[in-house]
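Supplied in C-alpha cells, the structure appears directly below.
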Amino acid sequence: MKKLINNPEVVVEEMLQGMVAAYPQFVKKLEGFNVVVRADAPVKGKVALVSGGGSGHEPAHAGYVGKGMLDAGVAGAVFTSPTPDQIFEAIKAVDGGAGVLLIIKNYTGDVMNFQMAGEMAEMEGIKVDSVVVNDDVAVENSTYTVGRRGIAGTVFVHKIAGAKAQAGGTLEEVKVVAEKVIKNVRSMGMALTPCIVPAAGKPTFTIGEDEMEIGMGIHGEPGTTRTKLMKADEVVDHFMSKILADMPMETGDEVAVMVNGLSGTPLMELFILNRRASQILAGKGIKIYRTFVGEFMTSLEMAGASITLLKLDEELKSLLDAPADTPAFKQL
Amino acid sequence: MKKLINNPEVVVEEMLQGMVAAYPQFVKKLEGFNVVVRADAPVKGKVALVSGGGSGHEPAHAGYVGKGMLDAGVAGAVFTSPTPDQIFEAIKAVDGGAGVLLIIKNYTGDVMNFQMAGEMAEMEGIKVDSVVVNDDVAVENSTYTVGRRGIAGTVFVHKIAGAKAQAGGTLEEVKVVAEKVIKNVRSMGMALTPCIVPAAGKPTFTIGEDEMEIGMGIHGEPGTTRTKLMKADEVVDHFMSKILADMPMETGDEVAVMVNGLSGTPLMELFILNRRASQILAGKGIKIYRTFVGEFMTSLEMAGASITLLKLDEELKSLLDAPADTPAFKQL
Amino acid sequence: MTVDSAKLIEIIEAMADKITENREYLTQLDSAIGDADHGINMSKGFRAVVGKISGMAEKDCGAILKTVGMTLVSNVGGASGPLYGTAFMRAGQAVAGKTALDFNDLISVLEAALEGIKDRGKAEKGEKTIVDALEPAVEALKMHREEGSRVALREAVEAARRGMEYTKEILARKGRASYLGERSVGHQDPGATSSYIMLEALTARLLEGKQS
Amino acid sequence: MTVDSAKLIEIIEAMADKITENREYLTQLDSAIGDADHGINMSKGFRAVVGKISGMAEKDCGAILKTVGMTLVSNVGGASGPLYGTAFMRAGQAVAGKTALDFNDLISVLEAALEGIKDRGKAEKGEKTIVDALEPAVEALKMHREEGSRVALREAVEAARRGMEYTKEILARKGRASYLGERSVGHQDPGATSSYIMLEALTARLLEGKQS
C-alpha cells in the first residue's frame, strides 16, 4: 500500500486538520468531531446545508463548505457513512434559525445515519429536512431495490441549493430547488484501477491490464460490468447514450456538463473525454451552458472518471451562475 | 498502459480541444497550433504573459490562462518543450502593444526554445523579455551545471506576475516582480509511482512496492535519491528542512504554502502533508499567509507530491490576493 | 438458563472478540460486493462497546444493551451502524429494567433486535442482508422453544449459518451490494456473516459447560 | 567523394530511417536519465524532414540543410530540437549555394554543426551530451583528412562511438540528466547516441560501394 500517510487509523482526522490549517478563511473544524463548518457558522437567518458521507471522496464534502455552497461537511471513516451523532453536531453548529437541509447521497448507510441525525435535531427543535441524490444511471432503478446511487451529480445539488440558500431562500424553497436538480441530473462512471482503503491495506478488487469496470461507483465497489479497455471516445459514447436514454433531451435544451476524475486519472484524459462529450451534445443540438472538468467527487487513488449532465432551466442557470467561494469550488 | 485516450499521437490536440470546449468563456485555441490564449486576447495595452512547456502537467499551463494570470499557454508534446514557432505564434497572438513576458521553467529545452521564439518575435518588433523559474531545491545548484529545475513554484510566478500585469504594470515592472517571486520561492517533490508517456507506452522507471523517489521532478525522470517508503510526516520534515536550509527564514516571516499533487496522489494525502507543513511553520513562528492544496503542476498519472514555500512581502501579498479567473485557478 | 448483567457483559465481550478476529474476513467479503469496510467498521464499533460496558455490571440488562446500541450507532457508521445499533437499542427496550434474563427474555431480545433491523432497513428475507441470517435464527429459536434453550440455541445458530450460506445464491436487493445486480450472486453477504458470528459467540458463551 | 543534392537527400533519408529504427532504443536510454522522449521527438522530427526535402533535389545543398534544420526546430521540441536544428542550419550556412559538396565541404558542414550545437547549448566535451560524440568525430575527421575520406570517415565514426561509450562513465553537467547528479553515471547519453547513429548513417551511405 503506497500512500503518503502516517497511520491508517487517523487519516480522516489528520486530513481535516490539514484542511483547516490550509483554509482557515473558509472553514473550521468542530472540536472532537470530524465535522467541518463554515468559518462564520452559524449564519443567522440563512438556511443551512449539511452534506457528508464517507471520506475518500475529497474534495467532497468539506471542500464545498463556504459561501454559496455548504455550511457543513461531515466526514465518516473512509467510504463509511458518518454516524448520526456527528451529523447531529454539524446540524447544531450551522443552524442559523432558518432550518437545515440535509443533502444525502442514496446509500443505505448514509440515508439511515442522516435520518437518525435529523430525528435527533428535530427533538431539539431544529427544523430539518432532507433530499436524497441518486444520479447514477449505471444502476437500474427498480422498486425492488434501493434505487440508484448518488455520485458526482451531488456537487450540482450543493452548488445550486447553496446559491438558493445564500440568496435567502426558505427551507422549503431550497429543498424544492434541490429536488429539481436531483430530478434533472444524471451521471455514469467507470474505473481503470481499484483503490486501497487505508485501514484494509489491500485493493478492493483486482483487474487485468486490459480491462476496465463500467458503472463504477465512488466507493471502490466493483462496477456493474467488466469489459476490455475501450478508447476514450467509446467510453463517452456509452455513457452519453445511457444518460440520454434515461433523461431524453431535445434540440435547444441546455445542460451543464461535469467530467469528474476519480483521482488517479490525469486532467489530460478528462479533457479528452470532454472533447467527445461536447461533440455528441453539439451533434444533438443540445447547448452546453457551462462545463466543469476536474476532480469533484473522487474515490481515493482510483483511476477512472464519470460524466454528469444537468438539464437546466432559467432558475437553475442563474443559481449555477451565482458566486461561490469554497476551498474546492469557486466562481466569480 | 491504462489510459483514457484515443490515440497516443494526438493526446495533446484532443486535450486542448476538450479544454476549449469546456471553457470558451476563458480561452480559445490558435488554429493549427497547440496554443491556448485568453478568449479576449490580445488585451490592448496590457503586458502579456506567455508560459508553457511540455504537456502532461495539466492544469499547467493552459489552465492558468485567464484574467489575472497568463495570456497564453503553449503546449509541447508530452514532457517535451514546445517548439519556437509555436511559442512565436503565442507571442504574436497575445501582444497587446505593451510587450510580452515569457515565463520559462529552467530546462535546457524550454530555455532554448523560448529564447529562439523571443528572438523571432523581436525581429518582428515585439518587445519581449523573459524570466526563468528554478525553484526545485532537490537539485544542487552549481555553476558547473544548468542549475535547478522549475517546478510547482512556477504557478506563483504566473499568479503574481499576472496580477501585476493585470494591474497595468509595465513589462519591466512585471519582470521585476516575477524575479522577486523566483528569488523567494523554493520547492521539493517526491514520487511513489512512475508514469507512462503515452507515445512511449511504458513506465519511465520501475520502483519497488516499498520504495519512493525523493527529489522528483515533473517529467517522469528519476528523482535524486531512492529511499524506503517514509511516513507522510517524515517526507514533509525532510522537504521543509531542505527548503528552509536553502532559504532561511525567521520568526515573523510570512509565507504562502503550496502542497501540489503530481496527480495520482489523492487530495486526502495532500492535506495530511499540509498538516505537518503547517505544524513545522507554526513551530518556527513563520506565519502562513495563504495555503494552496491541490493539483497545480502534475506529471501525468504519477503518484507523488511537492511542497512549495514562497516568502512574502507586502507587495507579493497584495498581488497574491488579487482576483484571478482562469479555468484552474480562481480567486474572488 | 439465566443471564445476569455480568454474564451479559461477558457475552458481548465474546461477540466483540469474534468480530475482531474476523475483521479481515468480513472486510474481504465486503470487498467482493461492497466497499471493503464491514469488518473494519464493526470491529471499531465493538472496541468502543467493550470500553463502554466494562464497568456496567451494576446496571440492568436493558441499560447495557441500550448502551451497546448507542455506542454502535455512534461508532460504526455505514449501513451496519444504524442497523446493529437499532437492533441492540430495541433489544434493550425489550428487557428494560431486568437484572437477569431467562430463556424467554433472550427470545424477546432477539425478536426485538430483528424487528429493529427490519424497521430500520426495510429488508425482507431473501434480499441478501443481515435479515437472512437473523430471521431464520429467531424462527428456529421460537420453533424449538419447548425443547429447551440448549437445543433451541443450537438450532438457531444452525439456521443462521444456513441463512448466511444461502446469501451466496441470491441477488442483493438491499444495501450497497444491490448496485451490482447479477454480479452479487455467488458471494456471501458480509452482514449476514457478522450476524452469524455474533449469534455463534452468544450461543457458545451460553452453552459453555452446560449439560443439556 | 562528391555529394550532390540528390545524394544529400538520400543521406538525410538514411539518417531518418536509422533514427526511426532506433526510436525505442533512444527513448529507453532517455528514460534512464531523462524523460523518455528523445527517440519519440527525433523520429517525429525526421519524419517531418523527409516530407519536406523529398522534392528538393533541384535546390542547392545549403538550402536543403537549412530546411532540415528549420524543420527539426519546429517539429522536435525539447533540448534536441533547437540543438540539432541549429546544427543543420549552421551546416547549411557553411555550404550556402553549393550544388555539390567535396570532402572538405563535408568537414566544414560537420564543423559548423558542432559549433552550432556548442553555441546553442553551451556544452563542452565531458558533460555527457551530443558534444561528446560529435566533437571527437570532427577532430578525427580533421586529423585524418590527408588519409582520404574513407579512412577519415571511418575514424570519425569510430571516435563518435568511443565518445558515446564514454558518456556512460561520466556525470551529466548539461541537460536534464544533470539533475540526477551521481545517479547519471553508468548510463549512456541519448543525444550522444543519436549523433553517433546519424554519423554512422552518413558514413555508411558515403562509403557504399566505395573501394578505398
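The first chain written gets the first letter, and so on, giving A, B, C and D; residue counts start at 1 in each chain.
By definition in this document, contacts are C-beta pairs under 8 Å (C-beta built on N, C-alpha and C of every residue); 3 or more make two chains touch, one makes a residue touch a chain.
Bear in mind that the values here come from a model prediction, so they are computed numbers and not experimental data.
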| item | value |
| --- | --- |
| Interchain centroid distance [CA atoms averaged], chain A/chain B, Å | 28 |
| Separation of chain B from chain C, taking each centre as the mean of its C-alpha atoms, in whole Å | 55 |
| Rounded Å distance between chain C and chain D, as computed from the means of their C-alpha atoms | 76 |
| For chain B, residues contacting two or more additional chains | none |
| Sequence positions of chain D contacting 2 or more other chains | none |
| Chain contact graph, described as a line, ring, star, complete graph or other shape | line |
| Every chain pair meeting the contact rule | A-B, A-C, B-D |
| Contacting residues of chain A [partner chain C, same complex] | 54, 76-86, 107-109, 112-113, 116, 136, 138-140, 144-146, 149, 197, 199-200, 202, 204-205, 217, 219-222, 224-225 |
| Sites on chain D touched by chain B in the complex | 27, 31-37, 40-41, 44, 73-83, 120-121, 173-176, 178-181, 183 |
| Chain B-touching residues of chain A, taken from the complex the two chains share | 2-7, 11, 14-19, 21-23, 55-56, 58-59, 63, 192-193, 209, 212, 229, 231-233, 235, 257, 259, 263-276, 278-279, 288, 291-295, 298, 300-301, 303, 305, 323, 325, 327-328, 330-332 |
